[in-house]
Amino acid sequence: MSYEPTIVAFLCNWCSYTGADLAGTSRMKYASNVRIIRVMCSGRVDPTFVLSAFKEGADGVLICGCHPGDCHYHEGNYKCLRRYHLLQKYFQQMGLDKDRLRLEWISASEGRQFAELVDSYTETVKNLGPCKMKQVIETLT
Amino acid sequence: MAKEEKPKIKMAVYWGAACGGCCVSVLDVHEKLFDVVAAADLVFWPIALDIKYKDVEAMPDGDIDLTLYNGAVRNSENERLAKLLRQKSKILVAYGSCAHMGGIPGLANFSTREELFERIYDTTESTENPDNIRPQPEYKVPEGVLELPEFYNDVRTLNQVVDVDYYLPGCPPQTERLVEVFMAIVTGAELPSKGSVVGALDKSQCDECPREKSDKKLVKRFYRPFEIEDDGKTCFLEQGVICLGPATRGGCGVRCIEGNAPCRGCYGPPPDVPDPGAKMMSAIATMIDENDPEAIEKVIDTIDDPAGTFYRFSLPGSILRRKIT
Amino acid sequence: MTGIIFTKVDNGYSGALDYNELFFYAKGIPGVGPVWYSTDVPLYDKQAMADLIKEQQLKRIVVAGDTPGMVKPFLTGAMVIAGNNPEDVVLASFREYGATDNTKIDRAKGILFCIALGVTFAEAALPEETDVQPDTLVIGGGIAGIQASLEIANGNQKVYLVERTGTLGGHMAMFDKTFPTLDCAACILTPKMVEVGQHPNIEILTYSEVKGVTGEPGNYKVKILNKARRVDLATCIGCGICTEKCPAKAPSEFDNGTTLRKAIYIPFPQAVPNKYLIDADSCTYVLKGKCGVCVKVCPVEGCIDLDAKDQEMEITVGNIIVATGFKPFDAGKIERFGYGKYPQVITSLELERLINAAGPTEGNIHFRSQDKKGNWIFSVESGMPKSFAIIHCVGSRDENYNKYCSRVCCMYSLKLAHLIKEKLEDADVFEYYIDMRAFGKGYEEFYERIENEGIHIVRGRTAKIEERNGRLMVRSEDILNDQLIEQEVDMVVLSIGLEPREDAAELAEMLGISTEEEGWFTEANYNTDPVNTFVGGITIAGVCQGPKDIPDAVAQGSAAAARVLQSIVKGKIKKSIKDMPLEKIEEKAKQFSNSMEGKS
Amino acid sequence: MEEEKRIGVYVCWCGTNIAKMVDVVDVAKEIGKLPNVVIAKDYKYMCSDPGQELIIKDIKEHNLDRVVVSACSPRIHELTFRKALQNAGLNPYMFEMANIREQVSWVHTDRGEATRKAKSLVAAAVNRITWHESLDKRTVDINPATMIIGGGIAGISAALEIGNSGRKIFLIEKENKLGGHLAGVDLTFPYMYSADQILKPLIKQVTNNPNIEVFLNTQIDEVFGYVGNFETKITPGDGKEVELKFGNVIVASGLKPYDPGGIENYGYGKLPNVITSLEFEQMLKKGKIVTKEGAEPKNVAIIHCVGSRNKDYHEYCSRICCMTALKFSNQLRSALPDTNIFECYADIRSFGKGCEEFYAQTSRKDIMFLMFDQKNDLPRIRKAETMDECDMLIEFNELLSGEDIEVPADMVVLMVALEAQENARDIAHAVGVSMCGNEFYIERHPKLDPVATTTDGVYVVGGCQSPKDIPDSISQARAAAARILATINIGQVEVEVTTAVVNEDICCGCQTCVNVCPYTAISFDEEKGVSVVNEVLCKGCGTCGSTCPTGAIRSRHFTDKQILSQIEGLMSTSIELQEV
Amino acid sequence: MKEMSQYGMGTWNACFHCGNCTAVCSLTEEGILFPRKEIRALQMGLEDKLATSVEPWLCYYCGDCTETCPRDANPGELMMSVRRWLTAKYDWTGLAGLFYKSLSALIIAFVLVAIGIVAMGFVKDFNSEAVMYFGHILEFYLILTVFTIILIPNILRMFYFTVIKAKVNAPFGSYIAAIGNLITHMFTQVKTLKCDKQTVRWLEHFLLVMGYLGLLVITVFLDWFGTENQIIIYMGYITGGLVFVFTFLLMISRLSKARELNKYSQPTDWFFIIWLFLMGFTAFLVRLFIDIDLLNDHFWIYMVHLIVVSQWGMLLVPFGKWTHFLYRSFAVSFANLKKAALIKKLATAA
């Protein structure tokens, strides 16, 4: 039985969101499972947001920022990278597959890469099966 | 000093999944106990008074003015009493870290009931249980049915089970804070809005912390407290020791830090922070002084048990609440 | 006494000034004693020269000529031997103030006069000020023009930005990454383009050309031709249905011919304005009078008007900034490299499009191949090369083509090598260079990095490319290793230089500004006035003044804006140096000279 | 309790662009059922004038206080709609856009799926906007005066550019005269113009300009304030303290020559006839090119890249030495027609306008060009024997011939690198600019913003930013002048509204945030024991907000609440709808 | 460098060593790199390096390098000049150098030879038979002398410079092979064919060489002017005709400077061509006059022929451009030795 995962994506305004727009203007097709939230910088992505997304029922979370060295705000993406790694370790302890969270660098010209990323990540999450987090949280006994 | 005669309030104290420390903290009021007794009738306190559940059940709804519920909700008995006390109390206070956020018992949410039973009834070194006997909620014996509360799969905070009026955090709460809150209630002072945390500050630990702090919070590796020689005066974080102080309310009198141990977060998050562990992870990760993924991994590897460290007292109360399988 | 020596040292910068006339003019300048040609004085014997100085009792020598500085050290030496002050050898350089041909002989005289009197030409030839219209015209929508426009518009002044093509962006928009930081060109450029597009003070006139300029500094009337776009900018919603259905194709300008586009098209997805346009040269309707599919499918009534005509408009501006950029060198001119003959010999600009994720091959490097209709294009259907040769200085530093160095090719070649490696990790990349010109901030470090990335960097200019075993044989001398290399590769990248645009001379004529021999616009002073011209209110910025990289072009764009803003803030603008009559200069010079004497 | 919120939602068709793939009517209908949504409409072109009119009319009629438009990317039309709100008298930040074109209709192929996704995006926007708050654009008045640090050619050019428009300039120079390095130069490349004749009139213009106040023998210690309102105290040569107030700062503090004494191979300091390019320039100015013994040199060798392009010294290229060296050869050829001239180089970098041509000409002037390995094998200079008939010999492997050679020399000119000034770090600290590893100042963006810095109102131009020749320095100086003239012309500068703000009641003073800010906008207030955001400096990236462990920092317009409720909206709807 | 400029027109200083010339040349191969290395040696005054190099002889001056030189440094002409300089260098008498450097010396020598021939004619009373007999003998001995006294020693010197002094350590076998290709190259100069678009030029050159050698054999050894053998007579006409027709074509092309290689011609080049032309032309006329019985009345034509031949044989052959023909052929062999040595070196290294 196939299920359609829901993926919440946090995209930085300057590179990745623009890249996603480019995928759109270029009419590239990609999986509709992703829901994008715009932040000014990937450095704004608070772990709280990521955890909340799972709590609300996301099956995967994608964070995209400018390539290292390209951050519009100099180093926000590095901050994000550091948090990502710590979150990954936390995830393992919480029984969440590390693939439930993905960080990728997408520049403003990488519309194609964004579309491909969405497709491949959707596939990855699909293979992981539905994330039970929301259900577990709601039915704690 | 002459006191205005006021009708005594009715007060109850109950412990759920708790260590008993909270009850002891109530006793710790020492001589002020007389003031308490003068102002309140203790109508239920299993640790101290022989009042039965059925006595409580017999009370009219809302009869109890103030209930301090400490401990998390671990089993069916905890849950039943939580619901019962909610029904019978005007003000229900989640007293102590366990009732507030799950506390130390909440760490059991890293395991399932089965895993816990297996450990406790099978694999502990001192256990001999060849028949794989497990506690049963009901057990028929010739005399009738023996009952045991059902051990739940998850640990819950009090507010995940019933509606809570106030939270008085701490493991255990500072006794002075308890007295302050108690006095406020009995004197009929204006109470804070429902759902507030009382007996703690809005500001975090650092505000009271005597250690020297600077903006140089860049870390190349993390240490557990015993791995470094603490200089006794520099901010723990700047020494690479994870201290949850910044994401933990003040009010405890920085007891741990005064004892040269970093804060572990028993006082819970400051206002507006839904998940102190997440905030702290964010802050700690930001301090890592590396930009290369591999180097970052290496630094993070020096944090042994992130979930346990950042959620020591707050796992059931955190966003994700428990480990999933 | 002051002596004047005219140098006729042939520097290759030959000017057609009438030296005889200048010679006689020089004799009449007050305070001037002997006047010589350099051939009349012992220019190879310092002692003899010193003797001559003493004999003539010269205290000061003016060396006059195109670049008289070339002989100054000798004369300074001779002056010192003669016991004079070395600082009293002064230069009257005609080139310095643009007196490079005989039409500017009066300026040359002015220069002579001033210098002879100990006054600098710049201070004597300071034109009067006049009122200035607050609006500004910027010609060219590349990065320099964008920058200049934004600077001025952000100073709350109106800017007309005229761009020849259908979109802003210029060459920079075509690039994938930029050296040495490797940030993507689109990421940093498109926000600027959008900013321009949305700026309330900027009126963008794309697909337009400047057709005539009249008036004077501070008040220019400019005739602008709005070429028929045939799509209404106001109502086009950029839906793209027209393009989908359009039957006609032509090589894409934006993709530098690496792929095809439709006759109705948007130059690239992030174009500003993000509206469609019709290329009359490939539109079936325009060519054959029937088709009109686009009109039928367009959801907006009246948006497409296939019969639209070019229109002219006139604007009044106080300042004009010229930022028209360059054209890439035509690699086909060098037959030995086989561009146009061997399909896998490509230009750097083509590779730039291939590597660009938004390019014809989605960022992958594929062979050039023929489509069904026989057009040579790049598509993902053909295979991928495994080895590359990148050839520097194609069309640059070469007496047979362009003598000058194009300034950017070394760095962009290194960048391309890196990007190839990034795309195709196992690819062999060979770079053939003459001198590696990694001069800017972080450039040398970048070069060092590329060297360590396993790219073969060979000092030796490639001489020819031939087909061998179905691949391309690149023949070069590896000078530093004393070898002859006949390298067989799958693809050759020609790092083409930059050339002035074909219409540069025409525009210069229209504006009254000068050009260099090669066609770059001439600045008012090489050293001190890199963006001004001899015409008041007209400044030049970016590559149209000479090859430069992005930061330098941007700096010039801003610098040009500075002068415009200065005039607007002040409300006054200087007239043209070019129009200063000789008498006026002479008069001013005398005044200054007298006041100096008065002081001392 | 919470005040009532009145949200209007508009779903755009974008012709068929959205409508073809998304059932816009259905989206509007469903969204209209959400709490707080007063009206939900669909319309063909929201961005068109009638579309905007529709919004304005509804705001007035239905007393809307928040508007959600679900259409294309906010990057395209956010500003358009914000303006519409403004026209209707609403705060422009009470607006949110849901991108259902670029991120839905153009990229998906299943209409049902696309519609579902569109609903969830709009629901998220509605959720989010519930938490929006009014933000007011803030501006700072600009003090029209400008301080320029450095009186070299870059500083002078900037001063004149601004000063000539009638605005005040404070020109600070640490030496006792203006002119910087150019004052020590004889001729400029490639056209051999006289540096004196270029510089002196400019200095005269500076001193004659009543708007330009020059302070010689002056150093800058500390600059306080922010864009538009800086101030500093200086103590010029006469010892009297002066207080300056200004709106912008241009740093044009230039470079200093590298001391070649550190390169053992060249024997500078030990061999008397090994001199630096600056010393040689002085000889040229004085018209006397002689060795220490007083004789005209028969052989002059010029060694390039001294201290440049080598990991042991400076890794970077000093950009102007090649051309200066070629200029020296020309000058030598003129001054000493019979002298043998050797140019020992690594790569000839004659990239500027007219420069390659100059190189070509120079090479025809009987000058021996010899190439050495700059990175691994520097030439070695030693004293010659009597029989060698020269003062020194330079040994190295000549790369173009492959021969090991000895070059005779009576004078060796070392083309020394240019490096950051000794006080570069102090100035950086004083004005708040960052430095790269080489101690050059870092510009805001290496390409698109080459003179601004991350500190608003502070510009870096000329050599202090990296080595440059005269025209490039002047272009930069003027670029900074343009920026400043523009802000002066407006008189005010707009500062970011969506900044971070610290809740002082919560902030505990842990200072974790301070270093996170790339713009040094956060500082620690010792007195209050809390962090303070300078909203003029803040650019609103929000990194501090997600770093703050106490939740005391709020990123305006991207608050935790806004984003968390957006997530909630995104998810709840999507799940509900999936079940349908 | 300054000396070299007397052997040809040089702008070689302008060279910035991009290596284009070496790479564009069709005759360069691994181990045999020119002309950039020659330019470098010259710029740096590495006389020994130049003197011991065989590479200049391998250049056939197709002009590609000069045409494509980005600095107009004219490497082709440099190679030509180096060849002239080498000719002088190999020549033990030193006359070759003198003639290259001094046009007047060359003219004086020409005049002296002419005077000598006229004087001899005078001694023989301008008796046609005696003079012609003398001429015939003269030619014969001239060739012998020039070869033994001048050319052979010079070639040995060349061998000394380019092989021994250059320390070429070639295996013995390669010497034998080298002799083989010496013969082929001497007559065919087949290497020119490797130059791009040079087929026509090679054919011209080949026919000219064939004509010249044929004429030499026919006049000197088969006594063309004395023989009655019709075949020889016709062969003589053909070869003579070939010589003057092709030299004439050459002259025209030089004048029009159509081809890159002809852009810069030295006086000695002109002497070479004109005298070759004159030799063919006068020989042709002499035999024609004999055949139509005009010679006795117009004996001066033979005198002219003899003067031309003597100047040719005494001056141009031993000291002029003619030697290129010889040196070049030997150079190919020596170059092969070098290559063999290189291979051997590489083999031992491996």
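A few points about this structure:
In order of appearance the chains are A, B, C, D and E, and numbering begins at 1 in each one.
Just so we're on the same page, a residue touches a chain if its C-beta (ideal position, glycine included) is under 8 Å from a C-beta of that chain, and two chains touch if they have at least 3 such contacts.
Since the structure is predicted, the reported quantities are computational estimates derived from the model, not experimental observations.
Counting steps between touching chains, the shortest path from subunit D to subunit E takes 1. Using CA-based centroids throughout, the chain positioned farthest away from subunit B is E. The central chain here, found by comparing per-chain C-alpha centres with the mean of all protein C-alpha atoms, is D. Using CA-based centroids throughout, the chain positioned farthest away from subunit A is E. The leading chain pair by number of C-beta pairs in contact is C-D.
A separation of 32 Å divides the Cα centre of subunit A from that of subunit D. Averaging Cα coordinates per chain places subunit B and subunit C 71 Å apart.
Chain centres here are Cα averages; for subunit C and subunit D they lie 23 Å apart. Subunit B and subunit E have Cα centroids separated by 107 Å. Multi-chain contact residues of subunit A (touching two or more other chains): 18, 25, 27, 46-48, 52, 75, 79, 83. Shared interface positions of subunit D, i.e. residues touching 2 or more other chains, are given as 75, 348, 360, 400, 516, 543, 546-547, 560, 564.
Residue positions of subunit C touching 2 or more other chains, listed in rising order: 181, 183, 274, 397, 399, 435, 479, 482.
All chain pairs that count as touching, in label order, are A-B, A-C, A-D, B-D, C-D, C-E, D-E. Only residues 46-48, 50-52, 54-55, 68, 75, 78-79, 81-83, 85-87, 89-90, 93-96, 132-133, 136-137, 140-141 of subunit A touch subunit B when the two sit together in their complex. Residues 176, 181-187, 190-191, 240, 269-270, 274, 356-358, 362-363 of subunit C are the ones that touch subunit A when the two sit in their complex. Subunit C makes touch with subunit E in their complex at residues 336, 393, 397-400, 434-435, 459-464, 475-479, 482-484. For subunit A in complex with subunit C, the touching residues are 14-15, 18, 22, 25-27, 66-67, 69-70, 107-113. Every residue of subunit B that touches subunit D in the complex is listed here, in rising order: 202-207, 213-218, 235, 237, 245-247, 250, 269-274, 276, 279-280, 282-283, 286-287.
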